[in-house]
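Paired with chain B in one complex and with chain C in the other, chain A is shared by the two complexes that follow.
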Partner chain A sequence: MDNHSNLLDEALGFNSKARVSPSGRVVLIEDSVETSGSFVLHHLMKHALSLNCSGIVLFVALAQPFSHYDRILRKLGCNLVAQRDNNRLFFFDMLKLGCLDGDGGKIIEGQLLELYGKIQKTIETDALPDQSKNPITIMIDDISLMEVAAHGSSNHVLDFLHYCHTLTLGPGCSLVVLNHEDIYSSLTGPTLILEMEYIADIVIKAEPLATGLASDVHGQLMVVNKGIIDENGTLRTKLRNFHFKVKENSVEYFYPGSQS
Partner chain B sequence: MTRGIPLPRGMRRSSEGWAIHYGAAGSLKLEICLAYCFLPDMASMKGKTSSFSRNLSGASFVQAPGVKHGPNGVTFVSSGIPDLDKILGGGFPLGSLVMVMEDAEAPHHLLLLRNFMSQGLVHNQPLLYASPVRDPRGFLGTLPSPILSKEDKVPQYDPEQEKGLRIAWQYKKYFGENKQSFENHRENRQEYNNDFDLRKPLERQLLSGNHIDCFSLQDYPNLSDLQECCSIFLAQLERNGGGSKSAGRIAIQSFCAPHCSHSNMEWDMISFIRSLKSMIRPSNAVAVITFSPSLLSPTFSKRWQHLADTLISVRAIPDEDKELAKLLTGYQDMVGLLHVHKVASINTQVPVILEASTFSIKLQKRRTLVLERLNQAPVDGSSGNSYATSASCSGSSKAASLDF
Partner chain C sequence: MKEMAEPICRVLRDGALEGEHAPALMIKDSMHSAFGLDVFNHILCSLASNISAGKSQARGLVLVSLNRHPSFYTDLLKSRGIGVASSNKLIQIVDCYSDPLGWKDRLLDPGCITKLSPKATGTLCKDIRDLDKLLSVILELGNGLVGVGQGKIHFSVAIDLVTVIIRHTSLQSVSRLISNLRSHDQVSSVFWLIHSDLHEMKAIAALEYMSSMVANLEPIGQSPNEQRGHFEKLLWTEQNSNKGKFHVRFKRRNGRVKLMSEEFLVEQGGIKFITVSSGNGMIDQSLLPKVQFNLQLSEKERVDRAKVVLPFEHQGNGKSMQIYDGRRSLTEGHNNLSTPASTTTKIHTEADCGKGEIHYIRDSDDEMPDSDEDPDDDLDI
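After this line comes the complex of A and B, so read on.
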């Protein structure tokens, strides 16, 4: 498949020989108002679902409904409805999480616990009935909205993330979270994004071009991969930088200036 | 610059002008032909509103008035400003949340809001309006009235004369704006959006005959009550397969105005917006919220901007800015600047990249609102103007509920 040869996959380490990523990875996608990073999420979802018919995706949607993702992934060549029927995709529509109550603070804790319970139950009963070791990917499309639902109590959100992380410790499993970097840029102190950058193994930052908007370069990606183990067995951090252009059925990645 | 008819139709005028010139005013074929002749020039403008969407709207769907189908299964309603519809690739998508960032010291957001509301009322669409003033219904009296454009009025002007003057320079200004999606569906377009005469108030019967809910934000210290109102309003607009139902509009003015008691409950406000967004999404409605980013802390301002599907900012231009006057042509006609930060991308992952994102707001013949690309004056052509990049951060904490 040609989509295994692009720069993003390379930076993520997808096309290493084994093609099975190291266990328990946390991938953090950061974006800003000017440049949305959701296409990386779509890409990772497609990748997880196309992984030799064994990967399982649990998608916690806080930003967009299922129909939105269904249309996008269909254009990318992945049928979410079929995957859902095959018990490979579990979609949790959480658009109304924490919405319908007057004072959220306390109740949201219960709601997050309930959501976690659902995820855990799904993994134990539906997804892996026979204790097979299929890689699980938990994706959360906009964690900043969970913070909103929790009325700013980032501790609840962090707890939730930690619980989810414990579910994805197996080989090939990962936790993919999208957040917005610019929300926190004016804050000091331990913000949610700092905590997440700390636990993340891979940070993908989607940024606008410094030179402004262009129609053939939509922005640049910076991929920081902290968990690379080289030949000598030492742990290294690898940083990659490249430009991208988003299309309906694919995303082009290229090094700055190399686009003809 | 005196022109025979309001400008938003000016682009069309040219091709019609040619049709008349060739002595075939009634021949639609020739006109379409000419419209396509212009296409190569505009091909670079926008990939989105290309022939695909046109065909869709051309196929005679049974659809509610003022509603238009676009690509990716999106349905548009008009913003009330034909130029803004063109810029956004059709209008505001149903189910989306539009945010307008106000200039804290000028009421330009009201221009957008008024046209948006008027357009809905003209199409008999239900409207929910919330504003921080005590008597929000009073605002309805300031809504502009549509200009009833007559097709038969068009041939009265002399095309030759204007033509010659036009093409010489600033070609794009008159031909460039992606007009092609509207070109040969004029019947559609006539119904879809109107020009509004800002000096003439909307007829009374439109105000009384419609389903209009007005709320004062001051009466709702607890936002969950307001949320309840919105959900009742939206309950009648559920999207259920048919899609032939009318679209609804929600307009919330100056949401974070300081004299509302919830202006210091930042988490409550953002959670209200998020709830509204999630309620809007499956419904046949559009919500427009205007807010002043300078009244919010930077981090919340960003959060709000992230929640918006379509994000626009407006700002006034200072009266006597000599430097700017030198840089831009038509400076004296401008009333403000409009900046498009984000265009809704629903059901697609491709971001909409506009060729220009800053536009000047002008009053055409002191009546209708038009948006034009900024044009650099030919003299002293220093490179580029980065004037309008940072929008409306004047740091004032004055309430923006002024009126014209």
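After this line comes the complex of A and C, so read on.
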């Protein structure tokens, strides 16, 4: 992947010399059936594990097992097994969340509390044993599955997210969550995705092209970065829209019409 | 300060009248214009600086933080020059953010030490579902701020996101909390933020009834629906990415409702309010309904109107003016009243030139002057 001028990094504020935002950021990736946003998740995972970031990633997997991510990230040039051994990646396999069926509400609350407890304990004992200030990134690969496990109760999911948020307050820390936009499209009123848009500082929407399928453009990304602080110290909301093409071991980002 | 959010700040500053509910402000926003927190912060800072300058009825402020860590607010107040040392005494924070459901507490027992527990900034609330407890904590902190036994001293209460409490409890319990706060005789003013699209209409309406002021944030222009195309949607989002419309509804005690509108612009230094001049012809024209008669003035009519000398203006003929204000009894008026017996009063505003006459028929002598409200109600004295 072209590391030094990438529209996504730019939109996320990774490239800029600007200060790191003072407190933890919440990144929400919204995708749809036609256009998967998981490549953004891979990109963010790689960025958080990269050398110049020196961060620690806690990955809560609800959709895919470790071997899946290992294979993909390897192609992107990042060895997850090695990172796991170095205590920089902590992988929580939660594919069976909610499977212990019973009295839905109570069980899932207990499970989420337990999961949160594991995350908190990991941060306290393994990841940051000496209170070092390495930035923490908590990633959740498909929060809608947590809602499914909670029998559609978004309250439990929001409680869990809130507690994760309290862990990522430090400088450079972030909470990255993937959710699907279209599964809420016919619902009115408070949906999980709307609640999450309020929490999020950065919303990345992966959508299919409005004009239909194309072979050389796989979709478009809209990045809304709330409250970015630029070089002059002014705070602004930055809105970016560009197209992308997912290749075998990289993703191309370009402005509409700039690809001949 | 000359922006329009000022009347709100003034009402919150002046506080409650003896025997009346405390003024309450609800700030509501929606995803289309999600700048409620900026407005909240603006009003919080304004009230805090009034409190620290001793200009307000309230001597202290209790802030319930659900949406942000308390340190966010202490940093904010510090950045606005409201000294932390003094604000510590004046502002108390109930921390409902760090552990709202007591999870961290429950995880504590197997002998593990929490290194992460952030520096305690405020009183920790470990169960936000217990609103009676929350109310007593707020009142306790308020009393601690202003000191008990020094007569009746007031404090204000701010809740940074009511949405969270409603999600954990019910509308009824939240209404009870707010109503208890408003009617408490030491509470000077209350204000809170709510995300309107995360609640049913009835919840918003119920809380609007309990507010004497409602500040509503709206996007500029209609939201294009999905069919209108991607580009238009993008443009609209871009347009509303740092500004929007700010509507305020004031409810007076006598039931009168006053509406005000402004635009706001969010910057790093905070939020700025811009008065929208009502003489913006282009917008007015498009908003006017299509009617058969003429609502607008032509340029000539406008000029003619400007030339009219109004009766209360100085006429420049050296004579003192006499304006009938409805208060003097008829027998007092001497020369200009034609027939005191009939209840017709003539005022010759232009001496006896006979050019203009105003006929005023009075119903009875004991009629009060025509306005029933205090004309100095919103004077800043």
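Assume the second predicted complex is superposed on the first by the 243 of 260 C-alpha atoms of A that agree within 3 Å, B and C clash if a C-alpha of one lies under 4 Å from a C-alpha of the other, contacts with A are read in each partner's own complex, and residues count from 1 in each chain.
Throughout what follows, contacts are C-beta pairs under 8 Å (C-beta built on N, C-alpha and C of every residue); 3 or more make two chains touch, one makes a residue touch a chain.
Fair warning: this is a prediction, and the values are worked out from it, not measured in the lab.
When the two structures are aligned on the shared chain, A:Lys121 is found in touch with chain C, with no touch to chain B. When both complexes are overlaid on chain A, the residue A:Ser144 reaches chain B alone and has no touch with chain C. Applying the stated contact rule after C-alpha superposition, one finds that A:His218 touches chain B and leaves chain C untouched. Of the two partner chains placed by superposition, A:Val81 touches none, neither chain B nor chain C. No residue of chain A is contacted both by chain B in one complex and by chain C in the other.
Put simply, chain C touches chain A in their complex at residues 31, 34, 69, 72, 75, 97-101, 103-104, 106-107, 112-116, 118, 167-168, 195, 197-200, 229-230, 234, 237-238, 241-242, 266-268. Those residues of chain B that touch chain A in the complex are listed here as 72-73, 222, 224, 227, 267-268, 270-271, 274-275, 278, 281-282, 297-299, 302-303, 305-306, 311, 341-342, 345-351, 353-355, 357. Chain A contributes residues 33-36, 38-39, 42, 65, 67-68, 71-72, 75, 95-96, 98-102, 104, 142, 144-145, 148-149, 151-152, 180, 182-187, 213-215, 218, 246-248 to its touches with chain B in the complex. Those residues of chain A that touch chain C in the complex are listed here as 22-23, 113, 116-117, 120-121, 123-125, 128, 131, 155, 158-159, 162-163, 166-167, 169, 189-190, 194-195, 197-198, 210, 220, 222, 224, 229, 233-237, 239, 241.
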